[in-house]
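Two complexes, one shared chain (chain A), two partners (chain B, chain C).
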Partner chain A sequence: MKYIFKRIGLLLITMILVSFLTFLAFEIVSGDPVRNMLGTDASPAQIEALRQELGLDKPFLSRYVSWLLGFFSGDLGRSFSYKQPVWELISSKLVITLALSLISFALIILVSIPLGVFSYQWVGGPLDGVRTAFNQLCMAVPPFFTGILLSWTFGVILKVFTPGDFPGFAKDPGGSFVHLFFAAICLSIPRIAMTVRMMRSTIVDEMNKAYVRTAISRGNNRWSVLTRHVLKNSLVLVVTFLGQTLAELVAASIVVEQVLGIPGLGRFLVASISHRDYPVVQAIVVILAFWVVLAGTISDIVNRRIDPRLRLGGEDE
Partner chain B sequence: MKKRMNGYLLAGLIITCTILVVALIGTFWTPYSPTAMQYGKFQAPTLAHLFGTDHFGRDIFSRVLKGTGTTLFIALLTVGIGAVVGTFIGAVTGYFGGVVDDVLMRFNDALTAFPSILLALLIISLLGPGKKYNVILALGIVFIPSFARVTRTAFASLRDTNYVTSARLMGAGNARILLVHLLPNVLRVLLPAFTIGFNNAVLAEASMSFLGIGVTPPDASLGYMLSEAQGMLKAGPWYAIFTGLTIVLLVFGVGLLGEGMQAAEKGVE
Partner chain C sequence: MTEENNNLVLEVKHVSAGYKRGGFFGYGQKYKEVIHDVDFVVHYGEILGLVGESGTGKSTLAKTILGLMEPTKGEIVHYTKRPQMIFQDFHSSLNPAYSAWWSVEEPLRIFGKYDAEERERRVREMLTRVGLQEEFFASKPDELSGGQKQRVNIAAALIRRPRFIIADEPVSALDVTIQAQILKLLKQLRNELDLSYLFISHDLNVVYQLCDRVLVMKDGRIVEQGTVEEVYNNPKEEYTRNLLEASK
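Entry: the complex of A and B
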């Protein structure tokens, strides 16, 4: 319990650091958003008025602190280009991206863990090389290429869904799910391949340890040793890897959302970057960073439940 | 006894070398001009136009040849930046340790916590989108932490070996120990890391260009071409298919190369 509080404290500190760095980075390089919004032929009075309206006339630190306080009370600032509160703009998109990531994550776990265990059966066999090559091939397929292929076969030819026309959860939950499911397939193929590869090598390492030899020499068969002891011991690395996967899925979905025309957070981020809509970019980056840190924290906590050695070892992880 | 050659390494070498040669040819010579718009729109693949033509009537085979070169150029420079700077940081932190090590590694941890695409997007949005060298710089910075981590571990583990101690007793300076004695041994872990980094660079560049914030015309990388191809999926799916398959083949070949190196290192087939 104490550990969990410590982790949450660490999480908050990391968040504040990340948000500060993001804020600072945009402060240094961003140029003048007011000038960008008004164009070159705006009068100095107009510029000054808009600057005051957006709060850009205040010093950097006071803007950061008020932004940070706003962030924790649910006020993410106002978009430059839409003149609306950022939270109103992104909340529905956040739900879509979150759903997409969770569907992909479920797909990755459901497929890769059985496959990883199963692929151990092939180690040293005649098909092991073929499996390794196939694994590399799956890792080589970029999600946006799978997205294009899927939208061509299932969208253009078979007409199962319409790429670029996302129905939305309120209007058509079933259709939305199908749409997201295709996107999830694109996202998860390379990730499944990576997870299987790392599971296989972890299991191989673990199976060569002395306790496994002892267990087998005492008459246990390999399969029961594998499922009863080895799997649990190799799970720690796998959970850490899956935690990173969960974090990276959100970022990877940026591209897939673009291909399949899903109005998620990533697509909005790309659009906001090209419009130089900094309040939106800042809010999305900090939310995504929060997601990343959260995923790491969850996988650490899960690992401590799985592996008692981590609980006995030092508190500083 | 270690096996020097294995199936993965051989297959990877063949695929990668073929693509390298093809890209090299494509930089200097293509069967048609990759930008001329005069060969008839939306022609399916024929012997005259191996990969067909696109919505402007350009020869796709020539464009893929040229685009592979651009993609390779960006990916190699990117990984180069990451590997050189990363190895330098790894050497300093791993060999000397101390406060510098602590500070740099915490910073490294913070950077690796960011998903690479997100970090690259951030840096690009700060540097200004749509310029080739900004893409290279942004992706290069993104790849530094992973190289720093890998090489730091290697340098740290070699620091206290007997041959380093003997070299020091014989009066060798730190620079000589690092460059002459340690670097060749670190290369063994650096090379597989380089292949993984290269593949990530190809995929990351393709993603950025696909999103329209990477390479822009007149340069055309494979990722940019895929985003063009997506618009003509109904009329000419061959553009997307051939361009995408080229990326897959490139990444696949280098992936096999990395797999082969690791297998050779372990001494198993």
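Entry: the complex of A and C
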């Protein structure tokens, strides 16, 4: 219980801190949303009127506090450019980005854990060097490049999906899924490579430990040592790494959403930053911060289930 | 089992063994021989000590006898089934993720011959026999003391009722008082369960307390062997005299 409160507290502090820093960043950075909205021929009176209407004439701290109070009462404010409540604007995009991240994450887990175990089985084999080189290549290839490659192959030539024309979940769930699936492949390839590499080295370390030798002397074979003894101990590091990955995926999806034309949160964030649409940026950044802390919490909880030693740290569950 | 050998549990016939080291992509590995032409027997019911300084190949010999390593020359003949080993590093020998009970039960699960009820009976009996209190049965290695962990290791080694045990420095990492308790336990288990031991140690005092016969190993060779009294009271080799001198 104490643990959960601690985590919720951490979450709140992180979100407040991140939102404050974003607010501050826009205060410092050049660019004026009002001028952006009204164009260059606006009269000073018009500018002043809009400034008052948007509340931009008030001092920095009072604006921040009123935003914060609004946020905690469930009001994310209104977008400057679209004149709509922020939540209405971002909720559908949030679903798309969330779906993209979760599909990528599922791909990473489903592919990298078995592959990590097999890559250990191949350690020292004749093709080990080749596999390591391939792994490095996969790690190095940026998602936008894979994105271009995949949209050309599967979009332009094979016509499995239409790049840039995301159908939307309401209209065509299957098509949307296929679209997101290809984006997820781009996102997950480097991270699968990293996870496999990490699992491999963790398993190698773990296999050299004394309990493995003892387990073999008590009648285990290599496979049962791997599955019953080593995997459980190796997973702690891997889960922590996957937690970070889950957090990064949302940020990484910004680029891939641009390349494959997916109307997700990332694309919207980039557009809103250039329009100086503060309320939208603010909301998205806080949601991302929430996501990052949540991912950390999830990996921590999973690790506590796997490894009881982590629970001995003086905290009750 | 031949007629003349039925009082033996182990015969090590002119065995040499070593490690492969280095190499690149599996090529160019160098072979380094660690034990050379080792030849001895272990009799039924005896505790045979193996002494020597660290780095003389005692553990390599133990692993070779147990089949964790292949001998490059010679032959190892076991006259008992399922010989087992007790290791020095009692802490890291246990998987930190599992309880004492789990570690002791595991060999029976792998063996697969007993149902859950029979396994439970045997594990309980063995853990009690090695002197672990019931309240620690479900404890993880991190929650046990050194002596308790070594008791768990001994129970795991004995759970499938081997007749021959290789104990590789089983007490050298323990406090002196705990050492005495574990040595007493090993002796008691030998009588109760009809065991024979190959007891490896660099500590001659411990060997003197426990063993019937002793082998002295130096640089991968057996340089002297005999009953404990013979070797201790009348060492033939300079090396043995130095070892005895050092342990006084």
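Quick note on the criterion: the second predicted complex is superposed on the first by the 307 of 317 C-alpha atoms of A that agree within 3 Å, B and C clash if a C-alpha of one lies under 4 Å from a C-alpha of the other, contacts with A are read in each partner's own complex, and residues count from 1 in each chain.
Just so we're on the same page, a contact is a pair of C-beta atoms (placed from the backbone, for glycine too) under 8 Å apart; a residue touches a chain by one contact, two chains touch by 3 or more.
None of these values were measured; they are calculated from a predicted model.
Asks: Based on the superposition on chain A, does the combination of chain B and chain C result in a clash or a fit?
Replies: Once chain A is superposed (C-alpha atoms), there is room for both chain B and chain C without a clash.
Asks: For A:Leu288, using the defined touch cut-off, is the partner it touches chain B, chain C, both, or neither? Pick first, second, both or neither.
Replies: Only chain B; A:Leu288 stays clear of chain C.
Asks: Quick one: the Cα-centre angle at chain A between chain B and chain C, nearest 10 degrees, please.
Replies: 80
Asks: Using the touch definition from the top, say if A:Ser92 reaches chain B (first), chain C (second), both or neither.
Replies: A:Ser92: touches no partner chain.
Asks: Check the contacts made with chain A and report whether chain B or chain C touches more of its residues.
Replies: It is B that touches the greater number of chain A residues.
Asks: Quick one: is A:Tyr211 in contact with chain B, with chain C, with both, or with neither? Answer first, second, both or neither.
Replies: second
Asks: So, A:Pro126: does it touch chain B (first), chain C (second), both, or neither?
Replies: Second partner only.
Asks: Based on the superposed arrangement, let me know which partner A:Thr162 touches: chain B (first), chain C (second), both, or neither?
Replies: Neither partner.
Asks: Tell me the contact category for A:Gly219 with respect to chain B and chain C: first, second, both or neither.
Replies: A:Gly219 contacts chain C only, not chain B.
Asks: Quick check for you: in the superposed arrangement, does A:Ser66 touch first (chain B), second (chain C), both or neither?
Replies: Once the two structures are laid over each other on A, A:Ser66 reaches no partner at all.
Asks: For A:Phe26, is the partner it touches chain B (first), chain C (second), both, or none of the two (neither)?
Replies: It touches chain B, and chain C stays clear.
Asks: Quick check: superposed on A, how many Å separate the nearest Cα atoms of chain B and chain C?
Replies: Minimum over all C-alpha pairs: 5 Å.
Asks: Could you pull out which residues of chain A sit against chain B in one structure and against chain C in the other?
Replies: On chain A, the overlap between the chain B and chain C contacts is residues 129.
Asks: Which of the residues in chain A come into contact with chain B in the complex?
Replies: 14, 17-18, 22, 25-26, 28-30, 129, 132-133, 136-137, 139-142, 144-145, 148-149, 151-152, 156, 247-248, 250-252, 254-255, 258-259, 269-270, 273-274, 281, 285, 288-289, 292-293, 296
Asks: Spell out the residues on chain A that touch chain C in their complex, using ranges where they run on.
Replies: On the chain A side, the touching residues are 124, 126, 128-129, 209-211, 213-220, 224, 228-229, 232-233, 306-309, 312.
Asks: Touching chain A in the complex: which residues of chain B?
Replies: Residues 7-8, 11, 110, 113-118, 121-122, 124-127, 129, 199, 203, 206-207, 210-213, 226, 229-230, 233-234, 237, 240-241, 244, 247-252, 255-256, 259, 269.
Asks: Hey, which residues of chain C end up touching chain A in the complex?
Replies: 25-26, 66, 68, 84-85, 87, 89, 92-97, 106-107, 110-111, 140, 142, 153, 156-157, 160
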